[in-house]
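Next up, some structures in structure tokens.
Presented sequentially are two complexes of chain A, the first with chain B as partner and the second with chain C.
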Partner chain A sequence: MSTLFAEPTRAGQAAGHGRRTDHPAVFLVPALAVLVVFFFVPTLFNFVYSFTDWSGFKSDINFAGFDNFSSLLGNGSLLNALKVTLIYATLVAVFQNLFGLMLALLLERDTWLNRTARVLFFIPVIMSALAVGYIFRAILKPDGSLNGILSFITGLDVSIAWLGSTTWTILVAALVHSWKWMGLSMLIYLAGLKTISEDVLEAARIDGSSWWQTFVQIRFPLLAPAVTFNVATALLGSMNGFDVVQALTEGGPGGTTELLNIFIFRTFGQGLFAQATTMSLILFLTVTLIAFPVVRYLRKREEVL
Partner chain B sequence: MKKSLVRAAAVALTAGVALTACSDPGVQDPSSPTEGGGSAAAEWPAEDANLDGVTLTIWAAQNSNKTADPVIAGFEELTGATVEVVTIPDPYEQGIQTKVATGDKPDLAFWQPTESQLNALNATNNLLPLDGAPWLDAMDPALKDLTGFVGDTRYAALISTPAVQGVYYNKEVFAEAGITETPGNIEEMIELARTLDADGVTPFHEMAADRWGTQWWVQIQLANAAKDGLWDRVNANEEQFTDETIMTAINNYKGWIDEGLFNDDIKTATFEDQGDALLAGDAAMVVQVNSFFGQLQAKADTAELDEKIGFFPISPEGNVGTSIPDQSNAVVAFKTGDATQEAAAKQFLSYWLGDGYADFVQAANTISLQPDVSNPDGVPQALLDVHASLADSVGSMQSLAVANPDLYINLADMIQGTKTPQQVGEATQQQFAELAKALGAEGF
Partner chain C sequence: MTAHTPTKPSVATRRRIKPGRVAHQLAVVAITALLLGVPFWLVVVTAGKNQAEALNPNLALPSQWQLLENFATVFSEGRMLAGFFGSLLIMVPSVVGVLILGSLAAWVLARRAERWMAVLYTLAISGVVLPPAVVTIVLLLRQLGLAGTVPGMVGVYMGMYLSTAIFLITGFVRTIPVELEEAARVDGAKPLRIFFTIILPLLVPVLATTTIMLCLYIWNDVFYALFVIGGRVDTLPLNLFQVASAGLYLNNWHLIFAFIILMSLPLLVTFIVAQRRIVSGITGGAVK
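This part shows the complex of A and B:
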């Protein structure tokens, strides 16, 4: 096999990594090509088109300098969408991890009941996000089933518009998003909990540590890598969030759940392609600016391990 | 080793760049055969010309994907062509604009024939001009040139009666309140609403949760101004959404909502709720367009609708409707660069509005636009009234403004309490200016 790839073999030997011969780096090329064509090039064009006047209305694309940036920054909608996105991302990061961790602790022991429950809580993760949004939209409408259940229990006529508040709807949307993804966090926390050495826990038990003390002093700090992964993915996933909220509220009521991606979608749909591209560049930069420090901080926490 | 990797990456990158070469793929190569309405495009083939082996694709929305079926059956039998309807999911307009922008085009599509929406498809580059179409002489003269133009060029074929913004009312509620005559202008209508409100009847129903209906209230108030050239001035940036005319309409709307003339659940009510409310008599009036009546038809039969539901057009100075043709009312044909396909697409339209029109009108149970083709029996009276109001109607914002800003979203925000009327005007103007600039309109 290695004779087919003479050059990498030689290169591998020259660099002194003999083991490279059985998995030459040239194997990376197909994956890399896909990555370049479908990720790097579009990202590059995202930068390029932001500085043009590309639209659905005319044929030619001209360089427009910082025109798109200045008109967008002067537009309150963009700042509002950014604010909404950051609040949403924070709420999702908190709820998704809280729920995931609680589930992991609850379902930690390997009984058949717990195994079944884990599967059930994982189902929303593999559901279509749009389907989740539409289902909750139906459940939460004023004459939906949640109010029906509440009416039945309380004996009163409950008709709360769960998605109608300009203050609280974003919280509801974040809870729905967290509900969808909490199964994944649960799985990763479960894996993290399993890696904690039985010896350490036994030592704590012998020292008379309570469940809570063991959790706060020992288990949670040892979960640091899982926390890093979960917080980072939840934060980044929700900053790029679109599907759940689009299906749930379409950005309403009154624009209070209009995530940046929904705003981009709306602008693109208007035919203002360059403006939409500029917004996605701004989103890209925002995510980068927030993601790197957060991941760095979380990695630092892991250093105690 | 490293070098070969770098080389491979460079090759892939170049290929990627070449694939996405820096031009708008939705735009035709100027050397293509049909550019500028060349001779092939200007000719209209006979309705029954043989089209064996030709496949036409029509894009349709979820509510228009059955519309063409009776025509397709007749056309396939007559010509041997195959016609495929492809349903584009909602939001339909955004989906199509995106596809066309990336170079994906059908032969035909249902499309709103207003100037702003034809512009959104870059009509001059992407659509076949339909000037001199054989069916035009058969059309009702009052409707023939109502819509479908960009500048002086016709790009859309009107197939069914265009929607009109007006007032649908519950006849039983009016009768109970002792009202025998429908109001003659908006002022009278508001007076009537106050009387009804005092009697404990909800005068108007609005659906701010679904948002899109909110704009009708502003547009009906602008009918007379529109006749006096309001939208021409807006198009030239001589007048803005924040100026007195449009701001007054927005402020009035807000005032009437605050006064309590609308349903209590205005913030959470949906399009569906609106239909139920009017049919049940929970509200007396709804300002809406034809698709609202379509919803009522799904909920009740013609006899019940004739008994319960009436329609009158309204404007500040009389019973004038505001026409707003929508996607289900018209069809456009695309410049695909293939002369055979383009000719076949035009032939299909000729058949639809020619020999196939009578079958279409019957099957769709809709009002005929051609005096020689009679209406089917059993068209509800309200729909006939809507159609009758078309002749002296004025164009809507969508018809007369060069761009179609999200006025409805901003108005829905106002109802939810997150925007003031002033902010509605500002946000709408901002977006309109952005769109007009992208369109290359003068003055922006």
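This part shows the complex of A and C:
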């Protein structure tokens, strides 16, 4: 039956008829209109208003050349925010995947206990990232619970300022971000592990392969699609990060955790709209540069489907 | 059911090394308690304390529980009811709009193979990776007279997430045989009718995945909301931001955590009720 109908369709498509009226391009208009107005036009504006003196202090907007870029470069905030964002994104991509994979391996077997733990580890994912930031801000205070637990275990009086280090706080922030999202990575890895054929694993077992050997040489390579998806989403999520770090440190201490988005939010609040726009353009360009390989991958994945 | 047969050998081998399994289970309990138990416990006990006891949040039980009083305080002071309905008023139209416009476009993009359609598709999904221009969106909304309004926020979210929806749905439509549409077409059905009666019902799995993802993002978003509707419209995350900004200054940790518990409840209850569907929806969309 279906093949009978398939033939005329293919022919119609080849001739260029049929498909066009069957799937009218008009159906694209509403979605494209929304995309143009609320996505593409603001993005184009980004390229325009970065070169103006638009601010909250005066009503007229004038062309200002590269003034915003040179002042942001001059006071070091551009390179700082860029550096912080890239370090943060890299750390999150590593830790979120590491934690997610470790949880997936830990909770792989379908027992009642593991299923319950999986559900629990997904709770942070559905929570507000802002709320997660505030919770850890309390836990990581010098006289907070983490130091309390460490003091209890070591018997010493531990009072580390986890959120007060100009070097290590960004690592702590990345760990909190990873804590929030590790449940999602875990789910993706669990789904990936399920797709691996039991025959392959059985063959490895018969050959005397240890758990670790099987994992490194067979299971991890076969997890490639899950790894790519998780790394891509973790990178994108952390480059656009704001909530966790804003709640945790507000960009401090000394601007060492000031992500691009936190800078944008802060300067926008100060009425320096053109500078905020310039940073927004920097974020756009950075993501574009890094995301291109990602897009290529997504397209390839599409073709496989 | 079928999953049982292949796992049997491993169950048999593990049965001999039972101590290992017990240790494994203990590890699961310990890791879960440490990574999740501690933070959640801290939230609950602190939310039950008075201001003096919560000054320095710790894991000790409150000397006297006043959880309900704190809930009542943040409920009125944090304008939770307004925040809840504000969040709902923004999330529902955004998600419904994205699903309808997105699947309509995705159907055409998946079925037509012309060169310019491929270009349009690339443009349409570029928002999956590209970040929205959050500052100039505000400028545009002012020019449109939509700044600080619910429709403006809905438009921004739709613009942000249509790409993700089109990407996911187009991939799914390509797996649906065209022949399914042909029978109706032979009967003389118009494209719009075919879309709503044949295509849309088949899209339910991918629409479920998209809905879950968008609800998570939009319900919890505070960054874009701060720019577009901050101070004008109440949403739960915006109100948390306000409560916390004041609360950190005044050291009102008990109120911050009480707010966090209350604002997490809607999604938490939804998740627990529809847990199986949500998990399969998310993994189904990600790893095909």
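Observations on the model:
Convention: the second predicted complex is superposed on the first by the 254 of 305 C-alpha atoms of A that agree within 3 Å, B and C clash if a C-alpha of one lies under 4 Å from a C-alpha of the other, contacts with A are read in each partner's own complex, and residues count from 1 in each chain.
In the analysis below, a residue touches a chain if its C-beta (ideal position, glycine included) is under 8 Å from a C-beta of that chain, and two chains touch if they have at least 3 such contacts.
The structure presented is a predicted model; accordingly, all values stated were derived computationally and were not measured.
Between chain B and chain C, the partner in contact with more residues of chain A is C. In the superposition on chain A, A:L32 makes contact with both chain B and chain C.
In the superposition on chain A, A:G255 makes contact with chain B only, not with chain C. In the superposed model, A:F263 lies in contact with neither chain B nor chain C.
Touch criterion not met for A:F51: it reaches neither chain B nor chain C. Shared-chain residue A:I149: touches chain C; no touch with chain B. When both complexes are overlaid on chain A, the residue A:F95 reaches neither chain B nor chain C.
Using the contact criterion defined above for the overlaid structures, shared-chain residue A:W181 touches neither chain B nor chain C, since it reaches no partner. Under the contact criterion defined above, the residues of chain A that touch both chain B in one complex and chain C in the other are 24-25, 28, 32, 37, 40-42, 45, 54, 141, 265, 268, 273. Interface residues of chain A facing chain B in the complex, by the touch rule stated above, are 7-8, 10-12, 15, 24-26, 28-29, 32-33, 36-37, 40-42, 45, 48, 53-61, 71, 75-77, 141-142, 161, 163-164, 166, 250, 252-256, 265-266, 268-275. Residues of chain C that touch chain A in their complex: 3, 6-7, 9, 24-25, 27-29, 31-32, 35-36, 38-40, 42-43, 46, 56-59, 97, 101-102, 104-105, 107-109, 111-113, 120, 122-140, 155-156, 158-160, 162-163, 166-167, 170-171, 174-175, 177-179, 181-183, 185-186, 191, 194-195, 216, 219-220, 222-223, 226-227, 236-237, 240-241, 244, 248, 253, 256-257, 260, 263-264, 267-268, 271-272, 275, 279, 282-283, 286-288. Across the complex, chain A is touched by residues 1-2, 4-5, 8-9, 12-13, 15-17, 19-20, 22-24, 26-27, 91, 93-94, 97-98, 100-101, 119-122, 125, 208-209, 211, 265, 267-268, 406, 409, 412-413, 415-419, 427, 430-431, 434-435, 438-440 of chain B. Per the touch definition, chain A reaches chain C in the complex via residues 2, 5-6, 9, 13, 19-25, 27-28, 30-32, 34-35, 37-43, 45-46, 49, 54, 106-107, 110-111, 113-114, 117-131, 134-139, 141, 143-145, 148-149, 179, 184, 187-188, 190-192, 195, 198, 202, 205, 225-226, 229, 236, 239-240, 242-243, 247, 261, 264-265, 268, 273, 276-277, 280-281, 283-284, 287-288, 291, 294-295, 298-299, 302, 305.
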